[in-house]
Every structure is written in C-alpha cells, then in structure tokens.
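By letter and in written order, the chains are A, B, C and D; residue numbering begins at 1 in each of them.
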C-alpha cells in the first residue's frame, strides 16, 4: 500500500527502506534535501491517493506536535496519521483531538528495535481505534519482525496506549541495562575472574540471563574488551523519566527503574552537590578531612 | 567418556539424561534409591575407570562440602572433582585444597538453564586449572547448548571463578526480573493499556527488551493472564545476597541488584517493622491516624 | 496586628491559638460552626481593617484554589493573601496572578511543626515579594519558634519558593524516617540487641543521629515498645511524590527519597503484581514452587 | 575512679580530657610520646590499682585485636577491658573469650559524638555482663552527656550488642546525611529558591527535620555557602558496609542505607565501568554516540 513518511532520520530512513523491500510505495519527506522524496509536506499529501496514511517519525515534542498541526491543515476526512516517534503518551489525546476535528484518524505507535530494525524488524505497540489499526495493518506487518504477528505487534489499547507501552518498555530497558552493567562492573573489579568478555559471551546461550541486550554487550566487548575508549557518560531520553513519573502517579514502586535512571544522572555530573554536602557533614562532626577542589 | 554424577535432583537428573543422549557413560548416585544407579559413593568410584571424573550436583553448603570430603577419601591421585552446584565461591578454595592433598583435581562450574537445560543445554562458567578443564571438556561440550563453544561455555579463571561468575549471573537475573516486574505492574495498573499480555508478547521479537526471561513471562501470562493464582511471595537463594555482599566488599555500586533483592525480602513479610516505625512517627508529629493491627 | 485565618483544622486551630497568645487579633473562618469566628468569608473580610492580611490554611489543591478565587472577589487593592497549606509550588504562580489582577499581594508559606507547633512554634519558609513579607512579619514572628528569626524563618525566594522549600523539607523527612525505620527493623530483628527502645533512647543526646524525629520515635516506643498495635501501613501526602518528580525534572539523583516513597507504596499493597511476576518467572525457569493465593 | 586509656587520637585524647574534668584519674597510653602518660602498656597496667579498668580507643581491626591480646597478657583476674572503638561486633565474642580465659571481663562500647563529644558528651551503647557494666558506670556517666542517664547511655545486650547498636547508628547516619544531601542538591539546582543556606537554617527550629546533623550542615554552609571548596568525594568507614551486610543476613530490606552507601562508592570513582557498559549498549542498539575517553 501507499504510505507517506515524515522524518527520514536514523529511524525513518531505515523504515522507508524496510517498507519498500516489502513492496510498499513509500513517499518520504524530510527537511534534508538529500534524503527527501518530495519538497514539502503538501507535496507529500498530494502525491498520495486517498484515503491517505501518513506516518510521522520526527523527534518527540515540538517537532511532532507541529507536524501533526500541519497535517491537520493538509489532510482530509478519512485520512489517517500515525505518530511512530517517542512522544509522551499525554500528547496523543491532543493530537487525536486536533485531527478528529477534521475527520482524520490517529494512531500512536511505539517502535522498538533501533538501527537493527531494518533487517530484524521493529517491535510495534499501537494505540487507537481498531478500524484505524486495521487500515494500517499492511504497514505494521511489513515493519514488524517476521513470525507470528502477535510476537512483534500489539494493539495495546486506545489512543496513547501505544506510546505508554513503549514508555514502559524503555523503562524496563533502563533497568535491564543497569543490571548487566552492575554485574559487569563487579566481574571487572575482582581479580578472580580473569576472562570477563568470555564469561559474558558464555551467557548468550542456555543461561537465564540471555537476551538481545546481552548479545550487544558481548559485541561491544569484542570491539573494546575493557571498554577503554568509552566514557561512563550516559544520556537519557524522556521515556525513563516518564516511566518513573507514571510509577509515582500510579503508586507503583519502581526502585529498579529509578535506580537505573539516577545512575545516568550521576554519570553526567562533574561533581555532586549532594556528595559535597555529605563530605562537609563528615568534616563537621568527625573532623574527617575533605578533598579540596582544585583552585 | 565416563562420568560419575552425585546428586540426581531436579538439575542432576536432567543432566544425566542430556549426557547419556550425547553418548557419555554416566554413573549416577543419589540417596534416593528410585533414581540412583549405584548404592554408595564408594560403588560409584569403583565403577569408574581411572582417571575418574566425578561431578557433584547437590545443594550448596553442607551437603556439597560433605560430598567433597567423602570423595577425598574415596578417589585417588589424578582423579577430578567438579562442583556444579550453586556453592559460594569462597567454598571452592577449601574444596580444592582438601582434594589437592590427595592429588585430586578440582573445578567449580556455574550451571545456568534451569529445567529447560535438558533440551536447550546449560550455560557453563568454569573455574580451575586449564588441564583439568581440558580433561572434562567432553562433558562440558555435551552439557552446553549447541553452537559455538564460547557462546555457552567459559573458562572464567582459577578455582572459584566459575561460581563467582554464576553468582553474578544470578544477581543480574534478579535485576532483570525486577525490571520486567515493575514494568508489568505499571502496565497492569493503568487503564489506558487494556491488553497487557499482548503488549508483553509483542516485545518478544524485534524490541530492545526481548529475552528468554520475557518469553517465560509471556508463557506465564498465557497460563494465567492476570497472575491471579500466584501470590507475590518470592524466595531468594544465596547468589543474590552474595552478589550484593561482594559488590560491597569491592566498593561496586549495585543499586539495581540490591533493590531487586530487597523487593524479595519485603514480599515475604507479613508486616514491616520499619513501616510500623514510620507510621508511628507520622502519628507522633502530625497526629496522622495509624492503622491498628487486628486484635 | 489583625489577621484573617481561613481554615481551623488541626493546623489552623492551633495557629490561631498561638497567634492570640502572642497578642494578635485573629478572626478565624471555618465551615465548621463550632470553631469559626465568623459566618462567611465575606464577614471575615468586612471584620478586618485594611490593608487586610488573610492566611489560608485549608487542604492543598481544589480547596485552596477555590478559597483564593473567593478571596480575589472579596478583598481589594493592597490586601495580602498568604497560602500556608501544603500546596504544590506550581499552584502559587496561578494564585499570585489571579490576586495580582485585583492588586492583592500573595505569599506562599511552607509551615512545618505539626501538632507540636502550638507550643514549639512552626518552621516557616516564605516565597514572594520582600514588601509583602515585611507586611506579614509580625505574624511570622509570632508563629515561628522563639530564638533568632533566621533559625525558624526564611524568605526563600519569589512566589512558589516557600512551598518548594517545604516540599523538599518533606522529601528529606521521608528519607530520614526511613533511615531510622530500617535501623529500627534491623535492631528489632537480631537477638543480640535485647533492649531496642533503650538503645534508641540512648541516641537522643550526644550522638550524631540525634534529632526531633528520633525523640518522637522514642516516645512512640515508650507507649508501645514493640509497636505491636500499629500496622506497617503508611500514607503519603503529595510532597514526597512532588520532590521525586522535581528531582527527575532537574536531573538530581534522589535514590534515598525515592526509596522512602516506594516503601510507603509497598506498605499499602495487599499483594504486589510485580512480585507475582517474579514468582511466576522463577516458577517458569527453575520449577520453583509458587505460593498460591487462597481461593 | 581510675581508668587506663589506650589510644589518644582524635577521640581518645578528648575523652581523657572529659574524664579528667569529671574528676577521674586517667592514665593514658599512646605510641605517640607527645601525648602519652606512660611509656608502655605494662607501665599503664602497673600504674593502676586493681581491679583495673582499661578502655581501648584505637583503630578497629588489627590494632584493637592486638591491644586486646597484649592486655590479656598483662592484666589479671578481675580486671575489665572495654573496647570503645568502632570494631565490628563479630570481633567482640573473640575478644571476650580471649580475656575470659584469664578471668578478665570485657565490654564493647559504641561511642558517638565525634569531636564535639568533649563538651557535649558522648552517646554510649554498651554490650556485656551487667556486673561489668556496673563496675564501669562512673566512667560511662562521665563520658555521656549531662541529663538523664538513659538519654545518652544504654546497656544494649550481651557482648557485641554495643558495637552492633553503634553499627546500626552509623548506618542510619548514612541515610540521614544522604537525605539532607539530596534535598540540598535539589534546592541548589532550582532557580526558584535563591536563599538555600537561609532555608536550611530556617529548618533548625520548629520543623520536623531539625537535627544535630542539620545544625552542622548549616554551619558548613555558613563557612562556604555553595560548598565551593569541597569536593564531592566521600569515604566510608566499615559500619555502613557492615549494616548493609547485616541487613542482608537478616533479610531486612535496607534500601535507604544501601543507597547512601552506594552514593559514597560512586563519589570516589573517576569513571564508572557500569556506565561505560550502559553507554556501550546504547551505542550498539541505537547508534547513540558515546563520549570518548581522552587519549
């Protein structure tokens, strides 16, 4: 089927390619003239036959909201917009409402798989009305991994449920990565184990902790066995923060996901005001010496 | 090759079967007359041709230490003992020393894979001397999953390194399970997502969080979609506790693994003395009412 | 000076009393006819001479916002409203704007001290303009504890800063209470220490951990040495949750405050969906038995 | 009464002074000739009249164990040794046994108060036999703060209970310090609150979080309002680690104390192997750029 695809960055570019391989006709739009198929969003809309399906794959937040607003002015009754970016689920109700006023349908779709999705397929979690899901199903089927549909695709619930599920997916991802990372650090620290990359590789088959993330960690250690070149500095995107906020809003204890998030915050600090305060306190009550900052 | 196998419980029984399927001659000993092949440990030793290899698969702690001590009295110079149980790595040096005094070799082997190992194979992490590892390699090759040797087997280091690696493996396992569990609880709590088992199943291909543990959680939810029949009561075996102790001994921050361990402790409490104290405090300073215990 | 005081609950009632003891003329309004001094908010306003100062001490959220809105319609240019409740700091800018449109000043004041404030005085943290702070200073001086002004009162910053400081105060309070509670539980658990209430009492002078909260815990243990009558069920008000949200918004690691908050969430659960999931997983991979729910 | 005091460092020196002010006759021994009263331990013993009481105030571990062993050879039946250092409670049973073989009594005494103890007195937690406690009571009464005995002194239980109580005290201390530190960092980070030292000072009277530690933090901020000169590098002594180990041994959830301990571990790392692993993982699956180490 035909699909308009807005946003041809790291993710969108690969998705266009995967959809084309599956035989779909994809018209891509991006501000970058080197990758775009059409000059403007309006061109993209006019190129497609109705009812049109347009997939947005641009950064979450302002860029996505603005694209939705523009599409609301360009598309028409019976068309369908899918936000496949990492938007906060709270944006979805607003997007859906804006589009519904023009008779345009809306789905939110959480997409997981990173740069590997081109070949492996993407895990998809969708929120919205069943009839809209049905309309876009050929696209979902082409993007998701081969195998049974329900092992790489879910209709999670109404509008917002797709992004909600993706948000939680990423929260779990934080926790898993931190679990491996703590174990890695401990193995790295003790002298008894002198073959850390080998141990992690031996976990990739048969063990309880085998996973795709573990495979990737093994790959990273094959490139750089002591991770010498990489600094322990870790960004976080919104989903981890949102997951903790939602956990709190729903009174769900989330100590592991929170700990993983905080470890990232700490990794980005040059010095910690909190630990300055603790050092100051120890100095006050116990006369413990403090380490002075360089001046 | 020939192998003596002491302990034919849930793990040992399956391992004997997997080894026999691979063509090895296994003589099993267990106190349970219904599963044992020989009447006594001495019988087991006398049945085997030298140099003998005896694999211990009994509960960690006293049972394993006692079996090692008995074997030290029965086996002889050039034989080899492998402890495949979940022993604390600190036991290994003592076992090795006891056996070395008789000229008997010793390997410690962490074994992961649970009840699925019979068919999938077991992930193996081994500690000890290279020549002893070499001697037992046909056994390791039969137990580990098919595929390249290094994806299911590692010689982790000297005596103790195998159990150390397995200990850390289990600590990571705790953190991963808790990460999934927190995400599951959040999805379960919010109304927006109305297809929780479907969402988890959709994660099993293509996504970043796909793993064998996730596959098992999906299976559990297929049997009981809201886990209605299962109480949130979780035992812990030693490895999680030992991992945190080792993290502390080595000054390695392990917030995720610790949080996962503590969640298990809490799950087993009928009431929490700590939270009684917090409730008492709130009552004292704010006049906040407390919930009275039933009398 | 004169003060209108809206809300004569547990906190407001005591504050009226403390202010009157200090010689101030307080006109209190409450919906409860047994405690109110006037029949309506309008009566309260007409009883006071201008420029009027009205202190709001009602539940945070809708009740406070509604009172502000009513006062905006009743008070006039040059008057001053102070919100002394536990409002979220984000409410303050809106309250201030609403009142400013009528020329009415606004201060937000975090108040700590609980039921003990009547005699001990209340710790006060204020946000707003310096001239408004000056206008209400006789009231602040009467409410705060005796001693130097800056040991019980701070002008924390602009509108919202008072409630922000109070929010953080309560977050810290959560962490401190949980620290004592964990220590208490450990002492309570081990047999070696057979005089737990005595140990805690011995900490109240001279030690590093001495504090008012500790004094209260000692008092609670004097009433009920094993806290037998109190269930480990702990509510949380908004400030703890807001503190963690703000920590996340500002990328501040807050593992202790979060852990204290989550412990409260857990304390209120009959069963934990997360731990059901972990139990289910252990059963799947290891054949570990699960505890069945009663049916 | 007479007391032999071994160890005249930061703590012991002040304790000798406090005891002398109270009229006790203290004979101090230290390897440092500038502070010692006698040349050798044997001299110390021979200077005292029997039955002798000797208080050890040297570093925990080898130094204390060695001093106990020497005293076992010098003192005699009916004498009493008190270990006032920060020994692990597991050392106490061994010390007591060694001394009991010579008829010498043993008490372990946790001492809190730091450099302020000279003037404020020390909080004391004692383990051992009641008759030994009675014998040393004049010393305890002189060291503890003025006021009722039970507000600065407790007989916590049998041998080891004093150090156990002190260990838990320090664990709580870690949690409290971290709670203040997290709150401080959040206030420090947000622009809304522009008077952070003032806010903390305002908490010192009347509020729920008032404490001696808070007083010290206020003092530290008076010296250095933004803690500019202090690096966020924090040592930990054994008690925090032991508290977490004991929590785990006793299946007591201790998330707050653990988080405080881990924050100290992190504060001392130049780079984090764990966060290198997380950065490597993100790079692998998402093509997220990593920060390279300087080469």
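Following the convention adopted for this analysis, a residue touches a chain if its C-beta (ideal position, glycine included) is under 8 Å from a C-beta of that chain, and two chains touch if they have at least 3 such contacts.
The UniProt protein names, listed by chain, are A, B, C, D = 6-phosphogluconate dehydrogenase.
On a predicted model such as this, the values are computed, not experimentally measured, just so you know.
Enquirer: Please identify each chain that touches chain A as well as chain D.
Expert: The common neighbours are B, C.
Enquirer: Farthest from chain B in C-alpha centre terms, which chain would that be?
Expert: C
Enquirer: Identify the chain pair with more contacting C-beta pairs: A-C or A-B.
Expert: A-B
Enquirer: Where the CA atoms of chain B average out and where those of chain C average out, how many Å apart are those spots?
Expert: Computed value for the inter-centroid distance: 46 Å.
Enquirer: I'd like the Å distance between the centres of chain A and chain C, where a centre is the mean of that chain's Cα atoms.
Expert: Spacing between the chain centres: roughly 38 Å.
Enquirer: Approximately how many whole Å separate the CA-defined centres of chain A and chain B?
Expert: Inter-chain centre distance comes to 32 Å.
Enquirer: What positions in chain C touch 2 or more of the other chains?
Expert: 114, 178, 180, 182, 185, 189, 208, 212-213, 251-255, 259, 262-263, 266, 272, 274, 285
Enquirer: In their complex, what parts of chain D are in touch with chain C?
Expert: 89, 112-114, 117, 120-125, 127, 144-145, 147, 150-158, 160-161, 164-165, 168-176, 178-180, 182-183, 185-187, 189-190, 192-195, 198-199, 201-214, 243, 246-247, 250-257, 259-260, 262-263
Enquirer: Given the complex with chain A, which residues does chain D contribute to the contact?
Expert: Per the stated touch rule, the residues are 10, 114-116, 177-178, 180-182, 184-185, 188-189, 212-213, 216-217, 219-221, 224, 227-235, 255, 259, 263-264, 266-267, 271-288, 290-293, 295.
Enquirer: Could you please specify the touching residues of chain B with respect to chain D in the complex?
Expert: 208, 241, 244-245, 248-249, 251-255, 258-259, 261-263, 265-266, 268, 272, 274, 285
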